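In what comes next, subunit A is part of two complexes: it sits with subunit B in the first one and with subunit C in the second one.
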Partner chain A sequence: MRLPSFNYLEPITLTDALNLMEEYHGRAQPLAGGTELLPRMKLGLTHPTYLMSLKEIHELKGIKSNKNELYIGGMTSLREIFLSTLLQQKFLAISEAAGSVAAPPLRNMGTIAGNLCQDTRCFFYNQSYFWRRGLKPCFKAGGNVCYAVPGSKKCFSVYQGDLAPALIAFNAKVRIEKKGSSRIIPIEELFSGKGEKPIVIADDELLTQVIVPIPEGIYGSSYRKFRLRNALDYPLVSAAAFLAIDSEKKVKSVKVVLGAAGPAPVIVKEAEDILKGKKVEESAINEIAEAAYKRAQMVDNLGLPASYRKKMVRVFTKRAIENAFNSIK
Partner chain B sequence: MKIRFILNGETKVIDVEADRRVIDVIREDLGLTGTKEACGRGECGSCTILVDGSPKLSCLMLAAQLEGREIITIEGIKKDSDMHPIQEAFIKHGAVQCGFCTPGMVLVSFDLLKRNKKPSRDEIREAISGNLCRCTGYQKIVDAIEAAAKREL
Partner chain C sequence: MVDFVGKDILRVDAFDKALGSILYGPDQNIEGALWLLAKRSPYPHARILSIDTSQAETIDGVVRIFTAADIPGENSFGIIPVTKDQTLLAKDKVRYIGDAVALVAAYDLKSAKEAVDKIKVNYEELPAIYDPEESLKKGRILIHEKGNLLCSSRIIKGDIEKGFSNADIIIEREYRTSRLEHLSLEPEGGIGYFEDGRIVIIASTQNPHYDRDDVARLLGLSPDKVRVIQCGTGGGFGGKLDISVQGFIGLAVYHLKRAVRMVYSREESFLTTAKRHPLIMRYKTGAKKDGKLTAVKVDIIGDTGAYASYGLAVIMRATVHATGPYEVENVYVDGKMAYTNLPWCGAMRGFGVPQIAFAHESQMDILAHELNIDPIDIRLINAFKKGSVTATGQRLDHSVGIKESLYKIKEIRDKYSWSKKKGERLGTYIGVGVGSMWYGIGNTGVPNPSTAQVELLPDGSAILYTGAAEIGQGSDTILLQIASQRLGIAIDRIKLVRGDTLYTTNAGATSASRQTYISGNAVMDSIDHLEDILKAEASEQMDLPSSELIVKDGKIFSIKDSSKSIDIFELVKICNKNKVRVIGEGRFDPPTIKLDPETGQGVPYATYAFASQVSRVEVDTFTGFIKVLNSASAHDVGKAINPKMVKGQITSGVAMGIGMALMEEFVPNKTKSLKDYYIPTSMDMPEIIPIIVEDKEPTGPFGAKGVGEPALIPTAPAIINGIYDAVGVRITHLPANLERVIGELLKKEGA
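Take a look at the complex of A and B:
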């Protein structure tokens, strides 16, 4: 499968990259590891005129930290995030999420920015041009039908990125830059919740850094991912959990976030009310799992039936919370 | 555009179109057909090459991204004119049937054994988890890599 033609740009500093994005009026599409964008280009789902590789911009790579925060450059590879001892010790769920993406060669290539900014997916959309040619374009392809939910008025494609749920569980933020300005937003604000255009980042902006506050006190975290094969597969459901406790083992704060449960990561807001100030007990975990089940929005557009995936939300929510608790040292 | 890189120890300077993929450059322009393309979309690992020492998929890389890199393909791992011990172990243990996945399997094992001289069977499975084989059922591939690791010690 060849690629459609495009022009190639390769800035070597962030300033050059931001200048190019402005100069090309948003038509210069960032290329990080290419592991998500190039397959979409091959299927003819997107046709960038200019691809701007970020590979040579060294200032966007690497993991740093100070007393309060962890900084991950947008071009840091998933392999580096997975293997970082700092992350394994203090941000287990993030390391687990990075280590669960695809397979080793893809983790050597794929980056955190590319992972966050990946498009939503659907069985009726992520197909070859030949396959799709027989059908009228659906909402996501600019048309006005949906094949997953006939009669619906919107797109239900699924956000299957692994990193976002784990990062949101840690209240992480992202730095977004364009020529002459920079803003920092909570990661959940990166997602529109709309399958048609799931990522809220302008054509002339770059995601340059992920910022994770270092939690205080005693805490644990975990990322659990449901898929058919233990390698290569995107999540069919996933859950990230963060849990901080006090010296009496009562919960000080908790955050549970679902992946592959809608067009954006889903925060299970009930978790805090259910567990805060209490001990981690099975009944409370079940209650959160039930709330997660209700929040998950699934339709028949991925590898397994929606009803089954939805049932798995309970199972993986429980596992994530239990593992987060057990990871507390 | 002109790119310069090291391929199996030799410096290459070639003229390529930006939209050509690395697998096309290696197989067609440079005539090294050991690297195989199967899925063409990152799902099988048969097109694996080593880029600055780590396994990457040549079907998802642009030729322009070879600039300044050091590439090793399956043709580049032999020692002098002999086969690499991993290749010998693959033959001896029946880890090759149709052979399409073999170059990728051998290269990821090469990388694994460089990082980890004594991998467990689970670590071997993890290392080859991005490489699909439709013939062998994987057991013999894991046997071969395990044997190669012991021999190298």
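Take a look at the complex of A and C:
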């Protein structure tokens, strides 16, 4: 499989990039690490006329922080995030999530913005032209059938990004810019919840920065990912947990977020009610795991049956909370 | 004198491979070559009513479209001469999703794709069969006219009923394995052109001379009108034994007399090339309380899919090896291979033995646990030794290293105190499993000779001619090491001419772990012949009878007076001056005796490789995830011509075996590409300790046997038995994927 032809743009400043996006009326497809986009182009799932590489825009790279917030440039590599001492010390779940993506060569290329903005996936959609040509297009391909759930009226493709659940657990935000304007939204608002078009960024907008508030007090975090092999695979289920406690080891705040459990990351909202003000005990963790199990939306469209993946939601929710608690020093 | 055999000589292709200068099948190109693309069946079983190519032919860029009517010779091929049942382009019927019905030749791939979509085939769908046992029931629809049974094979030794009546314990279980994909580094591909009145095909292959003969047959030509050249081949594993692109390229060049190119996409390779045969194996094993086996009865049903390919060889090999490397007095094995409308199955590293070893080694493990005997000890109690008689009545007189391999792994297991225990994380358990195997080198009970030539040149160098395909396993290096050792000249002074049917003679397939033993011996024989020629010439020059001469260190000496000698290359110069080439011709065919069709008695192989493996695994009882922690494999290879390469083979076998044991499963109609067919990554590899056992084979070159396939075989059994040791659940259906392991754990919890 080879890349189809395209026109290549390579701005060297953010201003130039935003100008180009306006100039091309949203037809300039941003290219970050390319580890998601290029395979999709090879499979013929997307056909951009213009590819706008962001790799020369150095102002979009790097990790900075002040007293209150951590700033990660959109073009910062997953490798840098994984290896950052600051993240390993204060934002363990984010570092773990970055370190669990694919394999080292892909983490060298892949970026945080690209990872967040990755498309949803489905066994029946992410196939080559050779296989898809005999079938009518599904919802995701602009048609009106679903092969995963025959008779369904919507798309059930799955969001399998690793970074989003960990970032949401830390209440992170993203900066979205277009020519002449900039807005900041909580990461969870980046997701539409619709498999057909999972990311709500307009065609002329760019995700330029991730902002993570630095939590106060005593806290821990963890990202647990389940996959078939120890490298390469997207999560079949994943869970991120953030846990802050007071001096009496009672929970001040908790956030549990699931990955690969629907078309968007799933926040287990029950966690706060179940644990807040209480000590971290097995019965409470089980209760959260049960709530997570109920919230996960899974159908048979990934490598393993939905019934099995759903069972694993419980296991990995528990492991994420336990690990987050154990990471508190 | 410098030794070349038994040394870690660097592979002769190492630099070229590392530098990327070897051209593999899909890299082959000639300026202006036409692209070929096949139109394939979307139905598992259907009658072809008509094919309309008229619309497709009007597409710009399309040069010609071929159908079965364009095949000038016999429209049937298949690697085994008596079961050539596969069509290059389907004539009346398609038998699986992916059967080729038409072939497009176009200036570019885009036009070819467009044309393939525009070819209209009118089918009448027929009911399809997906289950081999269903397929063999009477009154079912016929996949092939001759019936749905491809073949059967039977081994009878002793009195099976008596064997069971003497047993203290009888274990009965059913085992199943899955279809597997070979997944060579590069998919099938090649080019073809017309030159000097011949069709020339350069392609990725394990078997250039077979390719030549079957392409010639398809085209109704004599074999010398087709020349096949093996290009760089990054992997075969049995998947490149059957012809793939070669037939299509041959057909197009035959008609168009111009250069063409064909490369399978990975998806096409998944869909339309051979798979590993899934086997259903029903075992009944009887033993005494002390662990001694008294009887083994096995019923095997294989699914060969739509076509025969190597189905016959796989069922024969599975039945012959069904006892495992153990002495059993009473044996009854019955194997059947059935057609279904699923992707066809053929050779894959081990020809049915990896499947059968999973079953016999599970049986041994169950016996060990039931009788409370150490799993290594129960194998030692039963293992073959010199003088043992196999199920086919063959007496093993030499090179029976199975016990030695068991001692070696026992040493490792005990040294590192590998034993059952709890894992570090809650809910994880560690277990240790053992697997042994035997593997007959070469084809089963049929002649499978190899030939080779060695020529000496006056400049002090030599040329080795061999038809043996190098598919990454290392035969180029091994054969050169053998020649170097025998000729006493450095490896870089020997030029290799390999795998070109115009210049080399048939070495048989690179399969059945046979090239070191069989082609190695052919090289040895050619040098024997060469020495005879030299001695004859020296006898004239030195005026001594040849019987008084010996060849040593590049010279010919008189036995009686070592001061009388002549340099062999001096002789070559003299011969060349007289216009005589100094070329030795060699041939070797392993001595076998055809198996009796009723009882399976005979000598299927001249020699066997033996191996044992111990693997330590961790089972996560919450997820079913299995991590292989450590693995030690001891292989009796007779003699390691190149120890480093033998260790490389063993390591690769463990890697491939982990895939077979834990994750690989080709599900027809579901598995499409690497996105849904999982193979282990480097991050899934355990620590691997390869151990070489050398119980020399007197008929082998320097005592060597083979290791290519044996490397894989004991891995899956060792892992599966390790899972049992860890958590007490027995997986009887490979792979032991997450759901199966969890399912069995839940069943055990429920009970």
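Assume the second predicted complex is superposed on the first by the 329 of 329 C-alpha atoms of A that agree within 3 Å, B and C clash if a C-alpha of one lies under 4 Å from a C-alpha of the other, contacts with A are read in each partner's own complex, and residues count from 1 in each chain.
The definition used in the following text is that a residue touches a chain if its C-beta (ideal position, glycine included) is under 8 Å from a C-beta of that chain, and two chains touch if they have at least 3 such contacts.
Quick caveat: nothing in here was measured; it's all calculated off a predicted structure.
Once the two complexes are overlaid on the shared chain, A:V315 sits against subunit C while remaining clear of subunit B. By the touch criterion defined above, A:Q127 lies against subunit C but remains apart from subunit B after alignment on the C-alpha atoms of chain A. Contacts of A:P305 after superposition on the shared chain: subunit C is touched, whereas subunit B is not. Once the two complexes are laid over each other on the shared chain, residue contacts for A:N230 go to subunit B and to subunit C alike.
When both complexes are overlaid on chain A, the residue A:S53 reaches subunit B alone and has no touch with subunit C.
Look at A:A103: by the touch rule set out above, it reaches both subunit B and subunit C. In the superposition on chain A, A:I185 makes contact with neither subunit B nor subunit C.
In the superposition on chain A, the residues of subunit A contacted by subunit B and by subunit C overlap at 1, 103, 230-232. Chain contact summary for the complex, subunit C toward subunit A: residues 42, 117, 265, 267-268, 622-623, 625, 663, 672-673, 675-676, 678, 680-684, 738-739, 742. Within the complex, the subunit A residues that touch subunit B are 1-8, 10, 31, 34-35, 38-39, 42, 51, 53, 55, 79, 102-106, 108-109, 230-232.
Interface of subunit A with subunit C (complex): residues 1, 103, 123, 126-128, 130-131, 133-134, 226, 228-233, 303-305, 308, 311-312, 315. Across the complex, subunit B meets subunit A through its residues 1, 17-19, 21, 24, 40-43, 45, 48, 54-57, 59-62, 64-65, 108, 126-127, 129-131.
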